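I am attaching a structure below and will ask some questions about it afterwards.
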Amino acid sequence: MRTAFSILQKDLRMEFRSKESILAMWIFSLLIFVIFNFTFEVSRLVMLEIAPGLLWVAFIFSGMFGLNHSFAVEKEDGNLRSMALMPVDGGQIYLGKFLSVTIIMLMFEFLIFPIFIIFYDLQLSFQMFLLIPVILAGTIGFTSLGTILSAVAVHTRNQQILLSLLLWPLVSPIIIWSVNLTGMVLGGGEIGAVFFPLLIRVAAFDVIFFTIAYMLFDFILED
Amino acid sequence: MRTAFSILQKDLRMEFRSKESILAMWIFSLLIFVIFNFTFEVSRLVMLEIAPGLLWVAFIFSGMFGLNHSFAVEKEDGNLRSMALMPVDGGQIYLGKFLSVTIIMLMFEFLIFPIFIIFYDLQLSFQMFLLIPVILAGTIGFTSLGTILSAVAVHTRNQQILLSLLLWPLVSPIIIWSVNLTGMVLGGGEIGAVFFPLLIRVAAFDVIFFTIAYMLFDFILED
Amino acid sequence: MRPTIDKTLLIVLLITFLTSIFLIFNWVPQIKASNEAEQIAQKIFYFHVPSAWLGFMSFFVVFVASVAYLATRQRRWELISVASAEIGVLFITLVLITGPIWAKPVWGIWWTWDARLTSSLILWLIYVAFLMLRRYLPDGSKRANLSAVVGIIGFIDVPIVYYSIRWWETQHPNAVMASGEGSLAGPMFFTFMFSLATFTILYAYILRKRYQLLELEDTLNKQFKEMEIL
Amino acid sequence: MAVPALHLEKVSKDFGRIIALRNIDLKVEPGEFLSILGRNGAGKTTLLNIISGVSRPSSGSVQLFGTDPGDRENKAKLAVISHEMFLYGNLTALENLEYYGRMYSVNDLEQRIKTVLHEVELTHRRFDLVAAFSRGMTQRLTIARAILHQPSLLLLDEPFTGLDQQAIGMLIDLLKSQKELGRTILLTTHDLHTAKVLSERYIILEKHQIMQDGLMTETNPDEIRKKYFSPLEKAEMS
Amino acid sequence: MAVPALHLEKVSKDFGRIIALRNIDLKVEPGEFLSILGRNGAGKTTLLNIISGVSRPSSGSVQLFGTDPGDRENKAKLAVISHEMFLYGNLTALENLEYYGRMYSVNDLEQRIKTVLHEVELTHRRFDLVAAFSRGMTQRLTIARAILHQPSLLLLDEPFTGLDQQAIGMLIDLLKSQKELGRTILLTTHDLHTAKVLSERYIILEKHQIMQDGLMTETNPDEIRKKYFSPLEKAEMS
């Protein structure tokens, strides 16, 4: 645990070296929405229908950004190799990286969400708190797979494109479910009987993915 | 011109070092679409309404990818600095980089487009040829600004985020117009009187952006 | 030894293949359909579904071989996993080709974002990515490790991909086999099973051949190196 | 007797078409100081990578202290200085050392960091980002990082790179004292003089094989030089 | 008389809080071979960066051949070897040289490439990607790249890094012949011996200033070493 925590601390420290980083992140989030908005110049009704999808597309792109960045830093001065040399458990390294990537992605989401609410003029309701577990579960699914696949993709010259090729198909079920769940919450109607079982299923897959990745990470570090 | 051509040649050579690169690009394009599709689980009607926007969002993301990659390569072993040392015109370097980025982005678009047609089951018509100048104009606008702003962003530690912050707001008018124009063509109706003036406006801005960037590029190279 | 097995396999394959062609096109009774095109298209069923099943099986083999590789670090497991992944992609490609050919006369469109279709596409993409990854990495233990990891994660994802799509209203026929042999009457059932068997033999044969080819490549490389040094 | 610190048997390594090492047999006893010499591209770095477990041999076996190089205890004992810095440019010198110290579970970390920073004379720059360091300063910090956890096996790949005269002296003294502490050290360098000063044993890699394995004291430096000077082209082409 | 090859007046450079150079005055005549010595972090690399025009001084003026370092003709005359390789890992050795040759409009490029590749003994590896090169091989290619366009002013920042004995000999010969051709050469190195062999004049940077500007022939190497050995801490803190 101390190992994972050290990695997390180092990552967050680098990420937020300057206070401007947060500002940049915030503006980036804002921009993602603005760009969607002006690109899809469509009726409000249509907008509302695609809103959950848009939200998750925004999440995914900020997540991809976080993943790429997090492992590009490791690659820079051969630090990925130095990790392989350390007398620590691969799982711990995975955990540390996973936590830092997740925290950064959650932060993006936290910044994106208010913009989303404002742009779509959604009324805040008590029910919206249900989005917290939904976003959490979806994000963890994305990052638990994303972390290990980034560590794979970083070994290639075409890191970014390969990460997309590997991650997107694999993570697609989680994203589909998350979009569905988000739609259910934002739909404003009653939360149907399907909501919680689905949420639990997403969470269950998070656990599965995480566990497998945790166990396999050692193999990625060694040659 | 020979200089620009040498840069272009080098870039394309690196990009397509392996034949797999093209395949990877193609799958990446496919994925962008698949991800939009399953994320926006909406009715076909709505789909058609947002189609032009989706198309351009897909273009933009593949373009961002191309820009980031193109300049990350330059940064790798201090090659950006070596460019500053070369006895060549900054404008020529800009031209070379612009061409390579544009060609790669056009290639992405060329790969994306058939997928777009099939997935949306659009019927091919003669009118669709009008999309060629539209896409060309929009793309050139994006890359002419993108090339110079990438060269700026690459000097920072937060390259990717900074590029987005700089580029998206500046390029947004071009994108909005391109989406409009695309919508007009795909709408299938008569091409209204507004189409050509708008197209010309986009082209005019392309020329302006390109010229300014061409002239300013020298200043970016030097310290 | 080896050549005999291969030869036997090949002969059996040829016989079963010709037989199943005969069964499909000449023996099994035509289904009743509104038009002729649909009737002919229905024949695709005997290629479409076995391809899909064998595709799944190939990926299962990838999974098993990947686990075996990480456990034993033996090159042969790596080669099996690659060979099987390639064949799996081939089979799913067949599904993705025969499906739309069937869909056009039946549904009137080539493609729809139906659950089964989408999940097949995603499945295909997962293993294409697996193969792409291998192309981008230099040969060596690193590549073997990384691709084994992806091979494992990829397969775990397969049931989820299929699960996730149950949330969609689906246009694609569902579980013909499971929902009742009734719909698949005697001769059809027989023909289908026969076709499936043919595909399975085909799989076994290609896998063997591909594996041998990869092995040959290895030996050849080794010999080249020896020559280079001496 | 005790297990050797390092035992390679028939180790070969190739990168696709390119051969880097062929049939290397090597045994190093604990406390030995071995210099690895050889032309550019002879395979020195590859050899060190295999010993550290970063890279696996294409064939052959490697043992550190009788076990696999990838073992946790082996990793804890090991220090590597390579071409790559293993430092985060966006962290300060101090933060880098703290991070490494934690990963290696260094006892009394604060004190150790103070000591090593003093040793490489970077105390006054500890709060500066590594990205802003000069080349020699970065190399100094790399050395500090490597010795932070008091390793018992040091793999040093051209560690003198970029150091000024004084730092070279410092590193030589450091290595001497490490040797006295009974640590096993493998060093690659192109500076025959330094190699001679430091180590008793040397090997020369040529045509990706060990061409010579001898004692520095018994060999005339000119002889070493002569062997070492064999034409590159020939060695590579064959 | 003719304009000096290089003329610095009151050049200072700082990076925010950190001072790298202070009030440097320097004149180098065409054909001179100047060694720049100094401790790690003394400002040698920064000085070369300013001369090459890659970096602008915070204050003061720089002139190459009487004009601004950024001038096209100056750039065409200049060759730089720095810590960074200036090579594309994803291109082969040959492709890298071709690219640079075109950018510098080298005449009879094919022949030149053949010559320089032969000189650095990389002919047999010309079709391999630079990413797969060993450190020394990369440094050799860097040298080949730098001399490809037959520059008349060479700025060499620790060019001997990673080279084997033979390549060092090759580079020394190369530099001597360049000197004979009347080319101006500035070299930073920590190897006093090589500096002494090659150059007639040297400067020592300390406390980011020129502490000594003298002739190698007139100075006792021990004297140089003594000066050069001044404690780092003190020099930096001031």
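The first chain written gets the first letter, and so on, giving A, B, C, D and E; residue counts start at 1 in each chain.
In this section, contacts are C-beta pairs under 8 Å (C-beta built on N, C-alpha and C of every residue); 3 or more make two chains touch, one makes a residue touch a chain.
Predicted model only: the values in this text are computed from it and were never measured.
Common partners of chain B and chain D, by the touch rule above, are A, C, E. When the C-beta contacts at A-D and at B-C are tallied, the pair with the greater total is A-D. Each chain gets one centre point, the mean of its Cα atoms, and the points for chain A and chain E are 47 Å apart.
Between the CA-based centres of chain A and chain B the separation comes to 26 Å, rounded to the whole angstrom. For this pair, chain D with chain E, the centres built from the Cα atoms lie 28 Å apart.
Contact of a single residue of chain E with at least two other chains is seen at positions 83, 90. Counting partners per residue, chain A has 17, 157-158, 162, 165, 168-169, 172, 176, 180, 222-223 as the residues that reach two or more other chains.
Chain C has residues 122, 125, 128-129, 132, 136, 140-142 in contact with two or more other chains.
Interface residues of chain A facing chain B in the complex, by the touch rule stated above, are 17, 21, 24-25, 27-28, 31, 34-36, 38-43, 46, 49-50, 53-54, 56-57, 60-61, 65, 68-69, 157-158, 160-162, 164-165, 168-169, 172, 175-176, 179-180.
Against chain C, the residues of chain D that register as touching in their complex are 14-17, 19, 22, 56, 58, 207, 238. By the touch rule above, chain A contacts chain D in their complex via residues 2-3, 6, 9-10, 13-14, 17, 73, 76-79, 81-82, 84-88, 222-223. Taken in their complex, chain C has these residues touching chain A: 70, 122-123, 125-126, 128-129, 132-133, 136-137, 140-142, 145-146, 148-150, 152-154, 156-157, 160-161, 163-165, 167. Residue ranges on chain A touching chain C, taken from their complex, read 145, 148-149, 152-153, 155-158, 162, 165-166, 168-170, 172-174, 176-177, 180, 198, 201, 205, 208-209, 212-213, 216, 219-220, 222-223.
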